[in-house]
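These are the structures in question, set out in turn.
Both complexes shown next keep chain A, but they swap its partner, so chain B is in the first and chain C is in the second.
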Partner chain A sequence: MTSRQQGARALPRALTRPLTRVLPLTPALVLLLLFLAGPIAYCVYIAFTDLQLTGQAHSSFVGLANFRRAFRDEAFVNAVWLTLVFTVVSSLIGQNTLGLALAGLMRRASKPVRTLTGGIVVTAWVLPEVVAGFLLYAFFRREGTLNAILDWLHLPRQNWLFTLPILAVSFANVWRGTAFSMLVYSAALDEIPGEITEAAEVDGAGGWRRLWHVTLPMIRRSIATNLMLNTLQTLSVFGLIWVMTRGGPGDRSQTLPLFMYEQAFQNSMIGYGTAVALLLLLVGSLFSAVYLRLLKTEVQ
Partner chain B sequence: MPRQRTSRRLAADAGLLVAAAAFALPLVWVLLSCVDPHANLRVKIPDGLTLGNFDTILTPDITYTPLLNSLILCGGATALTVVCAALAAYPLSRFRSRLNRPFLLTILFATSLPITAIMVPVYALFVRVNLIDTFQGTILFFAASQLPFAIWLMKNFMDGVPKELEEAAWTDGASALQSLVRIVLPLMGPGVAVVTVFSFVLMWGNFFVPFMLLLSPDQMPASVSINDFFGNRGMVAYGQLAAFSVIYSTPVILLYVLVARKLGSGFALGGAVKG
Partner chain C sequence: MPVRPTAALTALLSAALAATALTACGSGSGSSPDTIKVSYKQSTDNSLKVMDTYLGDVKKQFEKRYPGKKVELVPIKAPDSEYYTKLQQMLRSPRTAPDLVYEDTFLINSDITSGYLKPLDPYLAKWPDWRQFIDTAKSAAKGQDGKTYGVPDGTDTRGLWFDKGVFRKAGLPADWQPKSWDDVLAAARTIKEKVPGVTPLNVYTGKPAGERSTMQGFEMLLYGTGDGSSDLLYDSTAKKWITAGRPFKDALSFVETVYKEKLGPDVADALDPNYATAVNGELLPQGKLGIDLDGSWLPQAWLPGSGHAWPEWSQKLGLAAMPTQHGQAPGKVSMSGGWTWAVPAKAGNPDLAFDFIKEMQTEANAKKWYIANSGISVRKDVADDPSYATAQPGIKFFTDLVASTHYRPAYPAYPKVSTAIQEAMEGVTTGDASVDKAASGYDDTLKDVTDGQVTRR
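Let's look at the complex of A and B:
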């Protein structure tokens, strides 16, 4: 009874509240529902149909056929494998380690060197994706800069984009994405109190031991969030690889986003392409959920 | 001790300079090639200085139209993103509600979803609702894809504006919208600038979204039209490609420098990483 009375008294306020509280949210909510949640729901739906690009009036429901087909499809397995290589080499190892190394060196370096290096690395990050793709294409091509340097050092040259395309695009992604890790780790290292490292130094811990036993444990949360975000970023790279190799030669640098695109548009199988997209989205959601958990534990 | 510190600094400097040189090579290529009359794919001292590459590409077809298209698309989508994000952030930052937390967590979750994955269904959807190959459609999708991050950043910046300042306005009878526009947003000017510049820079560089959603060549933004330097025209004119890259990249680099100067280097990450 009392609760109902309270409810009745709260009614006028409950009516005016939506105006100030919900109304401002509406434009954003409408956009998000129509153009983000909508396509994701549609993605879930057409992944189970045989929708094709052209000459088809109706598509029909085919259940799990697209997914069964994917796991039997050698090209799909190849794309999964290449995505894994691309992610591990460029994000987990490349961007992450190099970013940490640069951030660590910057703490000791002189100011002009620090500013110069930071500026160059960040510029690579700010450049539009396609421009970065072209610059690295020029760098790795047979007539490009990398081979010119190798010649100068009397080392054997390679046609990088042909012999090791997945490594070339991975290095391109390192070039483009390291700045993010560098900034994250610079911020994290700045938060370590100086006394702690000094104490470890006085106790006679050498550089590597200090890194392993003092520094890394103290920034482990930043490492985790950085790895998460790098991985998510790397999973959705399309333009960089498209510009450099188009996924080729053959399908030797065809990661999942490029495979998805090829199935949907070059082979006009939207249904199949979307099933691949859904799998990519699921992997992404998984990483995103882990990222959320990490943030939550950090906040609490 | 001081000597050890000096030698450490020299070692760190040397290490960083090597890294800087490696990172700089591709950038040096584009800077040298754009003024080189005989540019090729490797870094080399230009065979003479020319502005010919720029002269050739500064035509409506090659440069002005794509840049204008980029400006319309990214400008429109950025305006939409910032207005929607500011409005949405206000109740999230100002009022307590049981729904805030789940909503914010959903937003944060959406922030890191790989948008690339949904481009095929978005294409299929846009064909159905006749939004394919339209600026409106592309702008709306751009804005929606940027919104989660923008709302999240905006809310964090808004939390930094003390509520007391608004309460005075409320007692004077100002509405929530008035206090948002007149008091909160001006006080968080740098925050709004960050969200604006960040949204704009990300969309300006985005290739896949316009590549999928726009079809007519005359509607293509620079991120897609740059592809025409390859393939379609036979021999690639690398000098022109470099010149175009420089013109296309300059606005976002300037914008970034402008904001980074104002707010310190780690600015963009405050909201994104620390949550």
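Let's look at the complex of A and C:
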């Protein structure tokens, strides 16, 4: 009865082997639960309370009050709107398109030009957020570099930080974040086999048609990944805007992370601030869902 | 089997990590009965060691006077708002609560309401020096329950700084002392006309400048509309916040006039979050600003070794008290804030902590502290001491203002009320809102942030 014996032995082994493999992982799992899932769960809980950092003796459970408050709050609606503008302009349009264009152009450029451009773009990316913020503040401010250049060209001066602050910070984010897209797209473009492009050329496809019908479909997975990562990163940009405008003037560049900070730490309403954080998370997942959906239709 | 050792190692490492992490959380600091922990705000500027030096000195004196007792200084190096956050987190638990904390009067009432602090009345009753503190300062750390929760270690006042050079060019007197708001505006209009290229008058405004707009700007105006006897933001008998009435609108109108007539800085500059740095560091030292409504601490930025040392400021700048609206009694107005020493409710050694306050507040130590940090004395004995009054130019001027100063109603809702004020100011500054519209916007926000605890006057 060798087969039965084997079966009898195999059963406990099938159980014990995963167990012995899982066992060493338990401490790590406990740590993860304790320090990652724990705080997240606690955050979700706080979002349903009226917890304040100071100014109250006891906090209590308030249900959905924080969320209802957010949707009634004009400043919140304004922040959502600005967050969308900031994300669409700087990430979707700016970083993404510019990154692709740079990656495409650099393939044709000579090596010195490529190294130099790549170097500059990557430097902007490597700089700490706060340093980049100060640099661009100095560039945009009224007595800054941009106006010096405009003066020199005999063009009228502008004060972007005051008149169109959301565009100024969007530009700053493009400046800082394009390198990432550029690197992703350079890698993706390298993957396209040369013969396909040549074949399209032989068939008489021009530059734009090649881009639209050959290149873009071939790198669509990279596009989706890049868009998703860019968007999530852009949604959480805080330091850059804080340094350049503090969300002002007024609240004309107050995106959701800045609004959240103001509510939680300046007005000490931790409960409300956390609720806003959860809503920000929701915005992020909405964007992700849209990208995934787009990717799916393209595959079909 | 190459997997095993790695797995074992991972397990071991994880267990070790977990153990350290868990014990680190669990090990309480466990106050020893002979040691007090003193938390204070350390300057973010590494070259400024005023407080560290002073506290180190008092620690030495204290340990000598109380043999066997130890003082542990716990500096928190952070900008103001982060210091509050950090402190409030420490005060929540007996394991982390120090024995003595440095509290801003801006937030002390919030922390009192949270139950973070201990009432000091039993100690103060037995402390003869408490009688030396002036009444307004005593009330700065008083809770809504009437108990006192902190000992103030000085204050600040506010007034008008003006450039004597600009005034000479404009034909204005070097010993200028305006009697009403109109006098201030008239001087600014003269400067605008006669001295081009100079900003006539700076009044901080809008959200980017934060509490600076509310206190140096708006409240310096608002508290000058009455007779100085009642609070114009908060009704302490009814325990309600006051909605925007005539005084509030008058103060907003002043701000509106300054920016509409272009007597103030360019609106874009005024709403630049870094404008205060430009005022202290560039505009005043370079003679580009006529009049600045600002605080008593400005000379701190001009001390030798501070980056923009400007020792000759006292010859270049004049000082004038901010007048009341129409020159009505008491004639001048000032706002005060400042910091206090408080004992956390969860402190392990409150008695010894109060002994440390007493040591800091011997007359000699108090004087040393005021002079070192350009502070304004809240003690009568020090204020009367000639060596204090002559220690720095301007110190006598600002100390005299203490008699006509006001403290903010720094109750828990105050930070939110302050933001609402800044929004109203910003509306009239940019011209986006009329005075009436900004005032009614304030009323709406006020109702919202105080849960409807408002009253009309």
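Following the convention adopted for this analysis, the second predicted complex is superposed on the first by the 253 of 300 C-alpha atoms of A that agree within 3 Å, B and C clash if a C-alpha of one lies under 4 Å from a C-alpha of the other, contacts with A are read in each partner's own complex, and residues count from 1 in each chain.
By our rule, contacts are C-beta pairs under 8 Å (C-beta built on N, C-alpha and C of every residue); 3 or more make two chains touch, one makes a residue touch a chain.
Source: prediction; values computed, not measured.
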Contacts of A:116 with chain B and chain C, given as first, second, both or neither: first
Which of chain B and chain C A:31 touches, first, second, both or neither: both
First, second, both or neither for A:129, with chain B first and chain C second: first
Chain B versus chain C as contact partner of A:260, first or second or both or neither: first
Chain B versus chain C as contact partner of A:186, first or second or both or neither: first
Touched partner set for A:268, first chain B, second chain C, both or neither: second
Superposed model, chain A: greater residue contact from chain B or chain C: B
Doubly contacted residues of chain A, that is, touched by chain B and again by chain C: 21, 24-25, 27-28, 31, 34-35, 141
Residues on chain A engaged by chain B in the complex (per definition of touch): 20-22, 24-25, 27-29, 31-32, 34-36, 38-40, 42-43, 46, 51, 98, 101-102, 105-110, 113-114, 116-118, 120-124, 126-132, 134-136, 138-139, 141, 143-145, 147-148, 175, 178, 180, 183-184, 186-187, 222, 225-226, 228-229, 232, 235-239, 242-243, 257, 260-261, 264, 270, 273-274, 277-278, 280-281, 284-285, 287-289, 291-292, 295, 298-299
Touching residues (chain side chain B, partner chain A) in the complex: 8-9, 11-13, 15-17, 19-20, 23-27, 29-30, 40-43, 80, 83-85, 87-88, 90-92, 95, 97, 105, 108-125, 140-141, 143-145, 147-148, 151, 175-177, 180, 201, 204-208, 211, 222-224, 226-227, 238, 241, 245, 248-249, 252-253, 256, 260, 265-266, 268-269, 272-275
Chain A - residues contacting chain C, complex: 21, 23-28, 30-31, 34-35, 52-57, 137, 141-142, 159, 161-163, 245-251, 262, 265-268
Residues of chain C defined as touching chain A within the complex: 7-8, 10-11, 14-15, 17-18, 21, 81, 84-85, 88-89, 107, 109-111, 113-116, 206-208, 266-269, 271-274, 412-413, 415-416, 419, 423, 426, 430, 432, 449
